[in-house]
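What follows is a set of structures for review.
Next come two complexes built around chain A: one with chain B, the other with chain C.
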Partner chain A sequence: MVIRVEHVHKRYGLRKVLNGISFTADKGQITCLIGINGAGKSTLLHAVMGLTPIHGGHITIDGEAPGKQVYERIAFVPDHLTMPPGMRISESLRFMEDFYKGWNMARAQELLQFFGLERTERLGNLSKGTTAKFSLMLGLGQDTDYILMDEPFSGIDMFSREKITEVFTSDLIEDRGVLFTTHEIAEMERLMDKAVLLQDGKIIRSFDCEVMRYEEGKSVRDVMREVYQS
Partner chain B sequence: MNRYLKLVHMEVHRFRYLMLFLMGIILIFQVGAIISVLSDELSLKWENPAYSSVRQPFVPEGMLSFTWVISQTNFYFIIPIFISIAVIGLYIFFIWYRDWLGKSTFIYRLLMLPGARCQIYLAKLTAILIFVFGLVSYQLLLLPVEKLLFQMMVPAEWRVDSYWPEVISANLALDMLLPRNVEQFFTIYGAGIMAVLIIFTAILLERSYRRIGILYGLLYVAVHVMAVMFLPDLLGIGNPDSFLYTDEIVGLVFGICLVLLMLSVLFGFRLLAKKITV
Partner chain C sequence: MGTGEAWASVDFNSRDPVYLQVVRHFKEQIATGKLQAGQVIPSRRELGTLMKINPNTAQKAYKEMEEQQLIVTEGNSPSRITGDEEVLRAIRSELIGEAVDAFVASVRKVNVPVEELLDLVRSKYTEETNRQPKSDGGGTSGDQS
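And then the complex of A and B:
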């Protein structure tokens, strides 16, 4: 049970955005794609979700190429709203229930309460932090094997960050494969199992966080300093 | 199928206010014009019962017909119909671009739905058709209401009956909008549907290839417009020395248009499945 990315290439015009990327993200593990802005992290998640074509290489989710057959098994939480702004939260829940067999309404209701989201609120009126919580609720409300998150902590307040971090330590995440991107690891460092460091569309370092701590005595932050400041 | 119908429902739900707004405009313009024309005519007639500005074949002098009223309100019928056509024309673009641009990028969700992506295309196309035929149906329903208004305003001794075909012919916009035979229907609405499909494919080309995609899209539209416009002449329609009869040329053009239409749809499906980018 694994998301496998092999020698993936992607370019926008003449600019290479992904340049031979290869890594795996296992089910039951939290894998973090780390890199500064423009490193290709979001593009890579889009490619895994089949939201942008790639120009070389292969991506498989449990052996299958991204496509309609895998969208019940993998959820994506982008860093912005993916529902019409005129929709109310309650309508978006109905939308998800209508289209996804694996939508777990009971869990979604729990998450609504946990995040303090109002069912009658229009999505267009949500703040950045509340939008992030709403998007996470949509992702976690699906019974999927994997969940992908693009910058889940970007530009949100401290209390929203704490709420989201709490989710990462809960049983909502435990059995799933999590692949998320960030350019600031902060509170996520202790939670991640695997780190993949990206720069200019290439993987410059990939390691198991636990092994790195035991064998080399370095934290993810130490490795980042080594790699990005050298 | 079920998922497609849900998508259609959602798209219709999204333009419901716009459609109601257009329906309101059509009602206000047309009913307002009919009341205004009839009031002017009737006030003069009340002052001088012998007065009549109506000069129409087969209508006794001094009498009023619904056909006459419709012919006198041409301008006020055309304006809301043209506004509706313009709004639908813009909506063909808006139905796609609103999902990419702005605060929400709903296209992410649509593309991640666990079903064939061609359903998104078909749902948007169906929504446009519902929009168009919904307004045409509304116009068809409005005409009897307007006739009733005419009957309520004009005393029975001053009015004569009209037949629907002559009512429709009396107004340029209605004449164009309400075809009276299958050929006319296919010419007007078939050409309209084909235009929508070509624009859909051009939009998807732009959304797939972005900057260079604008060029691809424009070329795609230009090639189709040229093919449709020049094909009949190329085949020699109206030319007595032509190798083919007119009926054969019309059939051939119709067949070629059908092939282009199907290719546009299939190409659109492929772009949406393989090339589209968020």
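And then the complex of A and C:
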């Protein structure tokens, strides 16, 4: 049970965005794609979802190619609102129920409460932090084996960040595989199982965080400093 | 014994493996009597939520503690703190030993005569113990010499 990315290349015109990327994200583990803005993180997530074509290499989700056939097994949490701003939270839940077989209304209710989301609120009126929680609720509300999150912590307040971090220690994640991108690891430093460091469309380091601490006594931040500042 | 208190508010550092920090926390709780022989401990998942750690890390910590015979799991029943007196005693001496080693290593650099050092330790230690009234259990402090 694994998302496998092998030698993936992608260009936008002449610019190479992904330049031979290989890594795996296991089910039951939290894998973090780290890199500064423009390193290719979001493109990579879009490629795993089959939302953008790649120009070389392979991506498989439990052996299957990306695309509609795997959408019931993999959820994607984008870094911006994808639902119409005039929609109310309650309406968005009904929308999800209609469109996803794996939508789990009971879990969604639990998540609304966990995040303190108000059902009558219109999406366009939510603050940035609340929008991030809302998007996460839509992703986690689906019964999927994997969940991808694009910059779930970017530009949001400390308390929302802490609340989102709590998700990763709770059974809301259950035994799913989590693959998320970030340019700032913050609270996730001690929660991720695996770190994959990207730069200029290439992977420059990839490691198990506990093994790194055990064998080299280095924090994820230490490795980032080593890698990005040399 | 509230189940929550023993777990919350642990300050993890980011350079030591988290699972080993969890094991250490258990040892401290055992040495100070906050966790007692035979006491049922939270499930791996519960521990993840309580200590705000990745459930995989909790899992790894429990595996390590099973190997060190700190906890025992029989069949499908929940894990417990061991009742083995020898293991429990060893935890206490291990923690004291580690603390003393660290202390000695750092104070050595200053080159203090041992008598002077022991006097200092004695007075500081009593001062600290008096200041913190929460001296729970293990109240045997240096009555030899």
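Everything below uses one rule, namely that the second predicted complex is superposed on the first by the 229 of 230 C-alpha atoms of A that agree within 3 Å, B and C clash if a C-alpha of one lies under 4 Å from a C-alpha of the other, contacts with A are read in each partner's own complex, and residues count from 1 in each chain.
Following the convention adopted for this analysis, contacts are C-beta pairs under 8 Å (C-beta built on N, C-alpha and C of every residue); 3 or more make two chains touch, one makes a residue touch a chain.
Computed from a predicted structure; not experimentally measured.
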| item | value |
| --- | --- |
| Touching partner for A:Gly155 - first (chain B), second (chain C), both, neither | neither |
| Partner chain(s) touched by A:Gly56 [first = chain B, second = chain C, both, neither] | neither |
| Which of chain B and chain C A:Met83 touches, first, second, both or neither | first |
| Residues on chain B engaged by chain A in the complex (per definition of touch) | 3, 6, 10, 14, 102-106, 108-109, 111-117, 210-212, 274-278 |
| Chain A partner contacts - residues on chain C that touch it in the complex | 12, 14-20, 45, 48-49, 51-57, 60 |
| Of chain A, residues touching chain B in the complex | 12-13, 46, 49-53, 68-69, 71-72, 76, 78, 80-86, 95, 98-101, 123-124 |
| Chain A residues within the chain C interface of the complex | 28-30, 165-166, 168-171, 173, 189-193, 210, 213-214, 217-222 |
